[in-house]
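We just call them A, B, C, D, E and F in the order they show up, numbering each chain from 1.
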Amino acid sequence: MPIIRIEMWKGRDEQTKGKLIAEVTKTVCEVAKCQPEKVIVVIEDIPKENWGEAGRQASQA
Amino acid sequence: MPIIRIEMWKGRDEQTKGKLIAEVTKTVCEVAKCQPEKVIVVIEDIPKENWGEAGRQASQA
Amino acid sequence: MPIIRIEMWKGRDEQTKGKLIAEVTKTVCEVAKCQPEKVIVVIEDIPKENWGEAGRQASQA
Amino acid sequence: MPIIRIEMWKGRDEQTKGKLIAEVTKTVCEVAKCQPEKVIVVIEDIPKENWGEAGRQASQA
Amino acid sequence: MPIIRIEMWKGRDEQTKGKLIAEVTKTVCEVAKCQPEKVIVVIEDIPKENWGEAGRQASQA
Amino acid sequence: MPIIRIEMWKGRDEQTKGKLIAEVTKTVCEVAKCQPEKVIVVIEDIPKENWGEAGRQASQA
């Protein structure tokens, strides 16, 4: 039943995203004792100009 | 006052999204007794490579 | 596959939430042509003091 | 039209949240040129045991 | 520690987004007494066809 | 830089949440090549009456 959302900068390729989905699902199921069939992972690619840390836009850092 | 967010795979056309907004707003207002004027719907189109179920990337399924 | 998140003020009872889940799932499936088995609905109860519209806190409105 | 969601540790009082709603709404409207009437702010209080930075749970830090 | 997410219609340029990140971070820190170093802002650009108010799609309004 | 949000049913204890934060951070950093210092994990505990799958409220399943 868990839903996992990962917000990260744009730029990972399809294969890395696939690995991220597989590995995060496995980790969550091991720790929280849930069935992989019930886990959903959604990745959100965020452009650097839409991301700020400490008041600074990541595209300008 | 409700905010409704719908995450789904990319690929619905503008007309389907418009219908989704209208119908979901109507349904929520009927059940939760709220005014349509106060309802916001936000649709997020998720690419299949960013979506995983049961540890498998939807673009590879 | 859709995930639907509904943010609304705290205070609906369990039965109303159950009806909301059932009816919204039905509406989304009819419009977006998806299987009910794939739909997840998550309701978030927001206290009025945590909700603001037009710069005014709902608990003070 | 903007929706602003603020996730922060539990523990702010109602007055601080009210001020946060008012001031953030004002700031966003000034910068993004939108009408305050259209802005919604939702605050989410997160318990420290549900928050992690650098792999460490905030309640244990 | 706050995470601030701003959902708004597509169309702001990079400079406006940068200013939004800087000013919202400043406002939140002043009101909630937190360090700017700990604040993350994420902007989500929503196409008008994905946004509905009062049951009406913003692209059709 | 990634922000990871995990929505799951209420009921995990503090220790399990701590382990979830630690392990998910580790997994994401290994796969996506990022520094643990930059990772934030937020867990959202969802009551079963607020969660629906296939149109059925989890508290009634």
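Please note the rule applied: a residue touches a chain if its C-beta (ideal position, glycine included) is under 8 Å from a C-beta of that chain, and two chains touch if they have at least 3 such contacts.
Computed from a predicted structure; not experimentally measured.
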I want to compare two interfaces, B-D and C-F. Which one has more contacting C-beta pairs? C-F
Among A-F, C-F or B-D, which pair gives essentially the same interface as C-D, with more than half of the residue-number contact pairs in common? C-F
Between chain B and chain C, what distance separates the C-alpha centroids? Give it in angstrom. 11
Please tell me the distance, in whole Å, between the geometric centres of chain A and chain B computed from their C-alpha atoms. 20
Note the residues in chain C that touch 2 or more other chains, in rising order. 3, 7, 26, 40, 42, 51, 53
Any two chains that touch count here, so list every such pair. A-B, A-C, A-E, A-F, B-C, B-D, B-E, C-D, C-F, D-E, D-F, E-F
If we count contacts the way the header does, which residues on chain A are in touch with chain B in the complex? 14, 17-18, 21-22, 25-26, 36-45
Could you pull out which chain F residues touch chain A in their complex? 1-9, 12, 16, 19-20, 23-24, 26-28, 30-32, 34, 51, 53, 58
Residues of chain D defined as touching chain B within the complex: 3, 40, 42
Okay, in this complex, where on chain F does chain C touch? 7, 44, 46, 49-57, 59-60
